[in-house]
Amino acid sequence: MNLSKVSSDKLLPVLFILPSIVAIGIFVYGFISWTGYVSFSNWNTLTPDLSFAGLKNYLFLFNDYRFQSGMRNTLFFTLFFIIGVLGLGFFLATFIDSNIKGESFFRNIFLFPMALSFVVTGVVWQWLLNPSTGVNLLLASLGFESVPRWYIDTTILFSFPLGQIQFGIPIALLSVVIAAVWQMTGFSLAMYLAGLRAIPEEVKEAARVDGATEFQIYRKVIFPILMPITVSIIIIMGHISLKIFDLIYAMTGSGSNFVTDVPGVYMFETTFRGNFFGHGAAIAMIMLLLVAVVIVPYLIVSRKGDS
Amino acid sequence: MKIKKFTLLTILSIILALFMVACGSDEEETTGDDQNGNGDSNGQEEAAGDNGEATAEEGSLEIFSWWTGAGEEAGLLALIDLFEEKHPNIEVVNAAVAGGAGTNAQAVLASRMQGNDPPGTFQIHGGAALNTGWVAAGRMEPITDLYDSEGWHDKFPQDLIDMVTSDEEIYSVPVNIHRSNVLFYNVEIFEEHGLEAPTTFDEFYEVADALQAAGVTPLALGDRESWTALHLFETILLGSLGADGYNALWTRDLDFDSPEVVEAIEHFHKFLTYVNDDHAARNWQDAAQMVAQGNAAMNIMGDWAAGYFATDLELEPNVDFGFVPTPNTTGKFMVVTDNFGLPKDVENPEIVKDFLRVLGSVEGQDVFNPLKGSIPARVDADVSKYNAYGQQTIEDFREAVLTPSLAHNSAAPAGFVSQADQAVNIFVASGNVDQLVQALQTAAEQNIQ
Amino acid sequence: MLKKIRLGRVLVYLILAMMTIFFLMPIYVMLITSVKPLAEVSLDRMWELPSTVSFEAYGYAFERLYPNLLNTIYLVVPATLISALLGSLNGYVISKWKFKGSDWIFTAILFGMFIPYQSILIPLIQFLQSIGLYNSIPGLILVHVVYGIPITTLIFRNFYANIPTELLEAAKIDGAGFLGIYRYVMFPLSISGFVVVCIWQFTNIWNEFLFAVSITSSGSQPVMVALQNLSGSQIVHWNVQMAGALLAALPTLLIYILVGKYFVRGLLAGSVKG
């Protein structure tokens, strides 16, 4: 049922939403177009130079050591971050959902980092994972002879040369993943918990009666029901990790040999510290494209599901 | 439960209040109200904003800098006092921007210049930063006439004037000098191991080997921010190539893939074998602190570290910490100099020139520099106003060959510096000499005319 | 069988306890470090409890962060309230006064929630510079209000979708118009929606960093930028850094502790379907 159908009062609603539409039109779509325009310009100087440069900025980036490192890091960061958040969130949710005592206590503990800023997380974890203190002190007191070098380790696992860089898993990145998982697991936990609570006990009971083992119940009943939630989590976490900036900026910076650099940090530094506006705009457009590939289909599917 | 209800109620009443306000006014006004409400907290900002319109009515000058640290801020305020004393009708606006060792300020400056809203005058490192930056962009007025009328041509070292000259015109006034090629060492450690401060590469390696054998970290490095590695590299370039060779790099008379530069890079490579293991987790102060606390023997840094040792860590020069020029650079002086110039399209260029006159005067330089912990750029300043470290540096400055610093944007255009910075950052981890040589050569071809 | 279940239970609690330690570890370090006297702050004694409780680190951190905390408050309060109000009106229109293309417009607005803000940063700064709001709190408020529109609209739209349209029709028959229905029917019903949105926006704007660090400098910097400037170096003693981090985190932590339920609701609403 739609009110405007029974109303002649059609103009007012449009009038009220118009400022928002205009604002989003300018601040999102207008600005993105302008950034796109800058990314094809020669503006890598102190003063704006908007002469057309073709693909020069993009070609520069594709051959750039730092950008390639950033893309590699984003790939592995996103991968481990999503796996970590999904895995830990799911297990914690099933534990909390299994009629334990102190349920709300545990839930609150695992959720509170969500209320913190990435900057706070970065400041604290940079000390916890500082190789000369923090976690390493605990490891040493437990009798470990050699302790990890955490975010200053420049080793790249399983690496092989690709383009300008060594492609592989940068060890240092795992420190940032730990901090990010610590912060964001609460999200998947909350989502899964809501999902698990929505599964009627009868469904599980019915499966049990049919002689299914606990494992089979998870595989045949619970996982399929939780699938849409999992997709949502992957997309939300994925877009956060593709544009991550503050955590890395506050915790490690781009790191020795750019082992913890990401496009978000590169864009900020090259644009506003180096005055390479063309390069910065091109990085931003590539980031936007990566996010859009994930988000646009999701939005379209979500809309369809609604109506 | 009661708490929750109470919280809800509070939030509810706030929202209701807002709704009433919103009914009576539109969004713009709400934002505007708040702007006024903010007046106290960022009066500085507002004053800076007003300046643009207000200058026309006689007498205000906005000075833009990143001098917000303890000593430098005191120096700046003393300068402003001196200026106001001489020009009581002119209101000075101190638009200093904190953070990031000046990088934040430069970003704000760039944005203001792009928006055609230049401050009256702004701090910038002399040399390429200005010449290939704002001067090349056509945004600065030459002030050669000021040098003529004030008779400054022989009051600053010729090497320095050459540095701030572009196409026969001078564009800025140097207010201070920092030396970037200084090796600081822990006196106690050196005495304990019977060592002398090294002045050549060979001596450095001897000392470093001895220290390493004794289980002491020879060289402290903190390259969490990568400019410190570039800084170390530039002092080695100077030591290995000599002043002429070093300067020839910036005119492209010497190539980065020449055998001389390769040799310098090999020295750099060897230096890196003596540094602390956790260099990537430290910044320059953390590295200096290692020397102060006896966890490392030496540190190569600009002489702002002398201020850090003396003021922040309360150490005695020549007693707790010693200093010599970095290996092979005795008689050479790598210059980092803060300059001020006259941007185009400022409201009142004569007032800016008045300020530049004060900056360039003996009085101005001697009021500022002892507080900032740097030395005057003029050769005729009053030596007695400076401490032991300052006096010796002034002496060195007058006699030494001056070279512009690469890491601090005085030697080469910003484009080259940022690519060199990246290449050196990679090299510190990879140790791949060929790769660094190639990267530097390419960067030079692309950025240095 | 019974034994097996018990063993499983023990294991569950064991794992939960371990994870609790993992999650609380940073808080523990923040707390004990921030109350350590300066003499006891050293890298190799990070985990040790302080011998006496000292608030000198808080004093110092507060002194350093106080102007920035104020800036953040001046920023967060108006930005939260304005964006909540805008979101409520938008949500009302989009859920109850659909017009041709309104679904399409809603999706287009939602996209603004997911973009990497780097992709609008260059023009945004040019724009703010040109209207004289660069490097100012009002400028930041404007930015947060505009980029807050998608999420606030989404939450309110989902919230209003649950309010039966019949209720509105009844009001209509009584002679209420578009504004009247909002004022007397929708608004009173949307209190918990406002609570969720306000908490969500408050937390987000308080914690935001990219806009803050790109748009402001010196006098107008919010607390997160000041905290970042404080951190990462051994020259600012890290008990001060920890005290600063805790101070900066306190308001959002308090909100979480007091009204966590609404916070979680906002969290879940961020996943589009709500």
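Observations, loosely collected:
As written, the chain order gives the labels A, B and C, with residue 1 at the start of each chain.
Here is the rule we use: a contact is a pair of C-beta atoms (placed from the backbone, for glycine too) under 8 Å apart; a residue touches a chain by one contact, two chains touch by 3 or more.
Protein identities per chain, from UniProt: A, C = Glucose/mannose transport system permease protein; B = Probable sugar-binding periplasmic protein.
As the structure is a computational prediction, the values presented were derived from the model and not from experiment.
Of the two chain pairs examined here, A-B and B-C, it is B-C that is joined by more C-beta pairs in contact. Compared with subunit C, the chain whose C-alpha mean position is the greatest distance off is B.
As a whole-number value, the distance joining the C-alpha centres of subunit A and subunit C reads 17 Å. Averaged Cα coordinates give subunit B a centre that lies 36 Å from the centre of subunit C. Across the assembly, subunit B contributes 27, 100, 107, 114, 224 as residues in contact with two or more other chains. Chain contacts: subunit A has residues 19, 130, 132, 272 touching two or more partner chains. With touch defined as above, residues shared between interfaces to two or more other chains in subunit C number as follows: 86, 232. Touching subunit C in their complex are the following residues of subunit A: 1-4, 6-7, 9-10, 12-14, 16-17, 19-21, 23-24, 27-32, 34-35, 38, 88, 91-92, 95-96, 98, 100, 106, 108-128, 130, 132-134, 137-138, 182, 186-187, 190-191, 194, 232-233, 236, 239, 242-243, 245-246, 249-250, 263-264, 267-268, 271-272, 277, 280-281, 283-285, 287-288, 291, 295-296, 298-300, 302-303, 305-307.
Of all residues in subunit C, only 67, 70-71, 74, 78, 81-82, 84-86, 125-126, 129-130, 132, 134-138, 141-142, 145, 187, 191-192, 194-195, 198, 217-221, 225, 229, 232-235, 258-259 touch subunit B in the complex they form.
Chain contact summary for the complex, subunit C toward subunit A: residues 9, 12-13, 15-16, 19-20, 22-26, 29-30, 43-44, 46-47, 86, 89-90, 93-94, 96-99, 102-103, 105-112, 114-124, 127, 146-147, 149-150, 153, 165-166, 168-169, 172, 177-179, 203, 206-210, 213-214, 224, 227-228, 231-232, 238, 241-242, 244-245, 248-249, 252-253, 255-257, 260, 263-264, 267-268, 270-273. Those residues of subunit B whose C-beta lies close enough to touch subunit A in the complex are 27, 100, 103, 106-107, 110, 113-114, 133-134, 137, 139, 223-226, 277-281, 414-415, 418, 422, 425-426, 428-430, 439. If you check the complex, the residues on subunit A that touch subunit B are 19, 44-48, 65-66, 130-132, 151-152, 154, 253-259, 270, 272-276.
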